[in-house]
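Below: a set of structures, written as structure tokens.
In the two assemblies presented below, subunit A is common to both, partnered first by subunit B and then by subunit C.
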Partner chain A sequence: MTFSSKSKYLFLAFCLLPTFLLFIIFTVYPMLGGLYYSFFDWSGTSANKTFIGLDNYIRLWNDSIIKKAIINDFFFVFVKVIGIMTLALFFAVALTQLKIKEAPFYRIVFFFPNIMSVVVIGILWQFIYDPNMGIVNSLLNQVGLTEWARPWLGDKTWVLPSIAIPAIWAGIGLFMLLIMGGISNVPKSLYEAADIDGASEWQQFWHITVPLVWPQIKTSILYIIITSLNGSFVLVQVMTGGGPGSASEVMGSYLYQRAFEDFQFGYGAAIGVLILVVSLITVLVSQFILKKEKVEY
Partner chain B sequence: MFVIKERKQTWFLVALMSLMLLLVACSNDEESNSGTEGNGNTEQSTTPSDNTTTENTGDGLSGTLEIQYFVGGYGDGWWKQVIGDFQKQHPDLKIVEHAGPNINTEMNTRWISETPPDVVYIDGAGASETQMIAEGQLMDISEFAKGIKLENGTALLDSFISPAEEVDGGKIYSLPLVFDTWGTWFDAKWFEENGWEVPTDFDSWISSMEKIKADTKIAPFVTTGQHTQYFHRGVLNPAFAAAGGEELLNDLNNGVVEAWKKPETLEVLKKVEKIAKAGVIDSGFAAYNHTQSQMNFLMHKNAYIPVGFWLPNEMKNDTPDSFEFGFTPTPMNDPGKPLALVPDIRTIAIAEKSQNPEAAKAFLEFIFTEEYAQAFAESTGAIMNMKDIDLSSNTNVQDFLKNINEMINNPGAVHTYKRYTPDAELQKIAVEITNEIKLLIIDILLGDITAEEFVDKMVKKAEELRK
Partner chain C sequence: MKVVSQILVRIPLILWAFIVIFPLIWMFMGAFKSNAEIFTSPWSFPTDFSFTNFERAWNDYNIGRAFLNSFFVTVLGSFLTIILSIPTAYALERVRSKFGEVLINVYLASMMIPSVLGWIPLFFLLMKLNLLDNLWALSLVYAISHVPFTIFILVGFIGNIPKELEEAAVVDGMSPYGILFKIVTPLIKTGIITVTILNAISYWNEFFMALILLQTESKNTLGVAMNLLKIDAQYDSAWGVLFAGLCIAVIPVIIFYSFFQRHIVKGMTEGAIK
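This part shows the complex of A and B:
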């Protein structure tokens, strides 16, 4: 049986073509469609569309809510990257290096939020923050910190951090497993050599673990940035609807409001294009900042 | 030879998979028009006795009649009943129901592709009559509507509590089916037990809230901060109407700059500021969605809540046995002046591109009867938009509804004002005005801005939109 180069390419096409077709139908086509509709005044409910050129983009530029939404989005990006990466890294190190007997149990516990629907997480945390019967205010009242109790999701100052906490909680597990995979590939001999040389555990962490799992850390950070810019709106939509007022509005929730509640689908599509552009720029800049030579010992 | 044969097989497989993908992606749902979908929406068809015919048989209608209706707080019991009865009368007609809480979104592609259903009940998220009229999606039924007579010979157009709206110089595009209105709810039994008077004007409302607060230590007023249209439509609109009538109500919502500068407008906002300063609003309101605020109300954590007519039906599974719903038009009126009610009428219409307009018209004519108005009150706990329907002797109708019905049909103590459907251009302004009010409601109720600041911001917004 001989395999000509043609049959090799055919086999490759057989493997790639279905995925490529799916990608074209469900990613490229909607993306181009979104770009196309952003040049129209269209309600999204009928066949009538009017071409208005760049008007939606000019409007975007002058929209004060958009500016606020971008700032809120980057608040989530920043807080989630710091929060998730710090906790995921420390948990991963703890579960792999500290020889904890219950490690498999903790691995499941930390990963558990990842298999829950984001909507369920949002509703769950809505109850946790409930001003009357929520566990947060009840605990604060019980320990005598009554003045700290507040309607967390109804407070313009505290609403963003209050949404960020479940977002971090729900994100740790996946990245912890990713980093654990990286750590398990680090040769044990490196730690043994470091021990003999008298390096402390902190020094081992900073000089062996972090440089060697840097590819995993970098991938995780980029993934958090992308999912945050594209997906923060689910938690926002469920927990606050962008409120109080516009205090927790993100680009995604504003897109939803404009396209599906205000019947301004064209403008919504322009917001979608903005999300794409902002995500691309952020990822490119992040990749540049996170650029680091691969370390091998 | 082997290579060629293998290549053929591979291409055949690739082509087959691509075809299947396309079929899956592009298939429409016409084939599967029965059963309940995962999201609670239903698409059901009733097959005619002889489904091969598409012609009229005798006086009955035939062909297919597609009906789209939103199922929200009022449920779908009434729809099932009327559609079932209509089917019995026209056995050769195949009726397809498109119904559910998300049906407006799901049917959107049908409207975009200009193959809409025949009849549409316009209600719920994702449906806007203004938008549909502006897009030319609804049929002009002026002549047909003028010709409809009830069983007693009265013209249907003269039998509505809130009249059918005439737009574009007298054209009628829809019939007002449900008399929905916003107002303020309380527990009538709890009020009676505690000797609390039901307020009839703003002063007595504030006094009532202060008394309830003193008696029970609760914050008497709650509303949902996540959906501020409840406060906008339930409190602000009746207040604007009570202060300046239909003109002020419509001008303010349409962003007329002069209307926002009027002293009556500031007076209304001063009243809102007074409520905020009196400390009678639930401190957590800004965090609540509508269900949370309604649950708190049912649990007596609050005493007053502005919601529409659907509240008792929507919350019937969570309502304590001892709870007795009481309703009053929101008392934002000055003493001595009538209470103001601003109905939010839900309409039914025929699609301009209806494939079976005769059946659609027959269905519209069929549903406006006293029998179905009584049935509507029984199954939804709300009122069908028909005058002089005597609910008092109907034992299946709840007491609060009988009182409301009596109140509406007796225009002495309560005055009804209409918020007219703006045209397409005005609608764009109205949307932005609503969005701005939405933001400022939170600010004023939290005590972050004064009535004057509210008005100033609205004037600025209206000027910007009217430029």
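This part shows the complex of A and C:
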């Protein structure tokens, strides 16, 4: 820029400062605050705030529900990554490579759950699983599998998979689009050459599509991991509130219950720090596992 | 052979389309049914299309109020996000400096940090500022939470504008403010529309921050009101009303999406997120 340096800096300050100040107040301060509050025993009023050092973390370590919640969180991460990526990849390939006339229809429909709120999805699926009027049980009864019908969300073994299914249902559209974007950038000539060489569609998939859309696949997997660890509790809280017992508790729903239902804000903040630590470690480890040089032919 | 594979590949596609659409149709039909009908014939078409359930959801269960609140928060939040993001995105893209690199990384890093971590302090901060239960404050909180993502998308779009345009404007004596608002902003219209659609959908659907930061029934947004309606419906067994409420929450987004889906797909596949 060719303006005098004073007016240039004034302009830069005009552009950057207001947003950054608000960002400090409403994003940075709360996050550092979360760390700070985790060292206190605090019920929300300033009179009842005492510094207790690492006691909240020691309590975390001994809390059996936390262990259960971490395991459940990783169950969701694992099932969602496998379920969403398998289906999203398959649909993305089918809709871009196989010359299906009505592809735009599927593309639009598969994205529908992505634009619905988690509350709506949660309530809708609660109905689908409802023991009396739900689709699942009445379908099982109609095909004669009456003994399979059960209160899905009230059953300790089945509650987690039952919540994972709507999570996958709601996740596919976005990642399908991302991968479709990747596939559309793969030069057509590669597939034509492979056709001439007699490579089967399956071989083309593994040797051309997967390596070339690997950046999108990797981004999608990491994104699923992050959003699952940071956000799958919304669906849990809406559908079961962590129940039955604590069978479907995840870290986020446990934080909400401790902090905003039991007013143990210090302990809640410590759970928040735990979520941060767990998700950072998971992302770093997964990044290491998924590391693969970008392929260019 | 080709025909067989064409049919085979359609089976999973049709099946999944069915799995996506069927619950929505089921919800829509349930919204027109009486309680007795929902229990006795959950699979059939409603016998008469009465809008009683919709009226009761809208008037008796606070969904009407919540609809307007959500609309307010969505519009104000999306507007604030754009206002706050364009100048920063422009400065960060055009004036490359050490400081700018640091700033952009701070914004990007904040997207990785779980927002749950900040909810407790945020709650008490707004309490101190007397901004709890305030839709203006909620819109601002939403806006700030999406500023990093929006900056990230807009930087990409601004990077595609040829610098010569701005240089010519400088020669013509235009101020940097004029360049930003009269030249750059109109040129990144596509980016602004794409990112605003994505932001608006997530503000419309947001639930947990609203649950924590709003307190009185008259302030509730749709997510919170729907969650309350679900609890009430269990006591009153007002299932048809609950279905109607779900429809009221979903249908506007589906219509909105159908109008703008081209933009979403374009933004998603053409360079925005890579």
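Keep this in mind: the second predicted complex is superposed on the first by the 270 of 297 C-alpha atoms of A that agree within 3 Å, B and C clash if a C-alpha of one lies under 4 Å from a C-alpha of the other, contacts with A are read in each partner's own complex, and residues count from 1 in each chain.
We take it that a residue touches a chain if its C-beta (ideal position, glycine included) is under 8 Å from a C-beta of that chain, and two chains touch if they have at least 3 such contacts.
Predicted model, so just to flag it, every value in this text is computed and none were measured.
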Touch check for A:129: first (subunit B), second (subunit C), both, or neither? first
Could you say whether A:21 touches subunit B, subunit C, both of them, or neither, answering first, second, both or neither? first
State whether A:171 touches subunit B only (first), subunit C only (second), both chains, or neither. neither
Once chain A of both complexes is superposed, is A:48 in touch with subunit B (first), subunit C (second), both, or neither? first
With the two complexes superposed on chain A, say which partner A:241 touches: subunit B (first), subunit C (second), both, or neither. first
Of the two partners subunit B and subunit C, indicate the one touching more residues belonging to subunit A. C
Between subunit B (first) and subunit C (second), which, if any, makes contact with A:83: first, second, both or neither? neither
Is A:109 touching the first partner subunit B, the second partner subunit C, both, or neither of them? second
Subunit B/subunit C common contact set on subunit A: 1-2, 7, 11, 14, 18, 22, 25, 44, 126, 132, 260
State the interface residues of subunit B toward subunit A in the complex, per the touch definition above. 2-3, 6-7, 10-11, 13-14, 17-18, 21, 25, 105, 108, 111-114, 125-126, 128, 131-132, 135-137, 225-228, 282-289, 292, 296, 301, 431, 435, 438-439, 442-443, 446, 448
Contact set on subunit C toward subunit A in their complex: 6, 9-10, 12-13, 16-17, 19-24, 26-27, 30, 38-39, 42-43, 84-85, 87-88, 90-92, 94-95, 103, 107, 110, 112-125, 140-141, 144-145, 147-148, 170, 176-177, 180, 201, 204-208, 212, 222-223, 226-227, 230, 239, 242, 246, 249-250, 253-254, 257-258, 261, 264-265, 268-270, 273-274
In the complex, subunit A residues that touch subunit B: 1-2, 4, 6-7, 10-11, 13-14, 17-18, 21-22, 25, 43-48, 126, 129-132, 151-156, 240-241, 243-246, 260-264
Could you pull out which subunit A residues touch subunit C in their complex? 1-3, 7-8, 11-12, 14-16, 18-20, 22-23, 25-37, 44, 87, 90-91, 94-95, 98, 100, 105-113, 115-120, 123-128, 132-133, 135, 138, 169, 172, 174, 177-178, 180-181, 184, 215-216, 219, 226, 229-230, 233-234, 237-238, 252, 255-256, 259-260, 265, 268-269, 272-273, 275-276, 279-280, 283
